[in-house]
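The block underneath contains the structure these notes are about, expressed in structure tokens.
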């Protein structure tokens, strides 16, 4: 990883960590809990957040300058996802992961 | 697409078509219908099927010989997903897409 | 695909078509042609463009409102990729696909 | 991550680590080094390996039983990729990552 700064490496870790958190929380927690946890708005957001996190990490890894724009969008989705987790409750770990990832992505912009 | 046979091109189309069908049926139909449609077994299968279809297409596009193994696995998941759609009902289009994709993937093996 | 407009469906098709074009042109044409075709700037752009196209389609399919932002970014990368294809030459089909996809993505914003 | 064993968690880490290693080695090292590093066989393998690693991790995260089959295929591609890195030389880190990931994936089968 030749031209990668420590901030970039940290952001990749945060993005892949948040991707993991959102996809497993959605599939292993929300689907089983049911009720508000599978409301379309929330569930869709969890999947959209996991996807943009994966893409964000990918753009940094590719070495594309456009990672800044993808990270900006990632930060927005992470914030929204964290708020949705807080509203429904019982997903503090995922909300924290999302906020940490959002902060890291904002440092890339 | 230099060395791509017409069977390969057809299989890419089937895989990307089935990917679209599974992901939208899960997100735009199952999540809204609720009940059996969001049972973990079924919903997980829909997402797993959409993912392997996307990967299957990607392997043919990359020109990797390993596309045969990924297509084999894709055919299995598509069959399983089609059966799950039939059991729950009301998802005939998605089940058909899955079976067409499975047939196309098997022709790649 | 319940709430999907015909523009959305067209945009998914364009995005998945451009994804296919960029990834196969990179892997089946550029890698074999060598020279300018594998210059880091160009090759990276081809892969980045194929990835954002895939993500863009995914966001429309998920039914996320954020597809607008991803489509905006996709349009920018597609334009850049088309220009890079034109500069190097011999990739008119891919450049055309990129410009069509850019136009379709801009109609989503 | 409710029903996830420590082996599963370790395998996700290996897969996402190997994905990162293959994609950055391809884009930040091979593309710049040129020559044998961008021979279609090798480069294609690097991208195919990074993709199956990403998919493998995704299947474990989704909680799909089919992760076993995807992990089996992942182990094969990782071995092949490691051998290709060794033949060309100068990519020991990536070869090691691939072999560690292959071992971890085999423990999932």
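Think of it as A, B, C and D in the order they're written, each chain with its own count starting at 1.
As a convention for this text, contacts are C-beta pairs under 8 Å (C-beta built on N, C-alpha and C of every residue); 3 or more make two chains touch, one makes a residue touch a chain.
Here the structure is a predicted model, which is why all the values come from computation and not from measurement.
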Original post:
Which chains are shared contacts of subunit B and subunit C?
Top reply: A, D
Subject >> Homomeric contact subunit C-subunit D: same or different residue positions, threshold half >> reply: same
Subject >> Distance from subunit C to subunit A - Cα centre to Cα centre, in angstrom >> reply: 23
Subject >> Residues of subunit A whose C-beta touches two or more other chains >> reply: 27, 32, 40, 44, 47, 58, 62-63
Original post:
So in the complex, which bits of subunit D are touching subunit B?
Top reply: 40, 44-45, 47-48, 51-52, 55, 58-59, 62-64, 66, 69-70, 73, 76-77
**OP:** Using the touch definition up top, name the residues of subunit C that touch subunit B in the complex.
**Re:** 1-4, 12, 16, 20, 23-24, 27-29, 32, 54, 57-58, 61-63
**OP:** Enumerate the contact residues on subunit B facing subunit A in the complex.
**Re:** 27, 31-32, 34, 38, 40, 43-44, 47
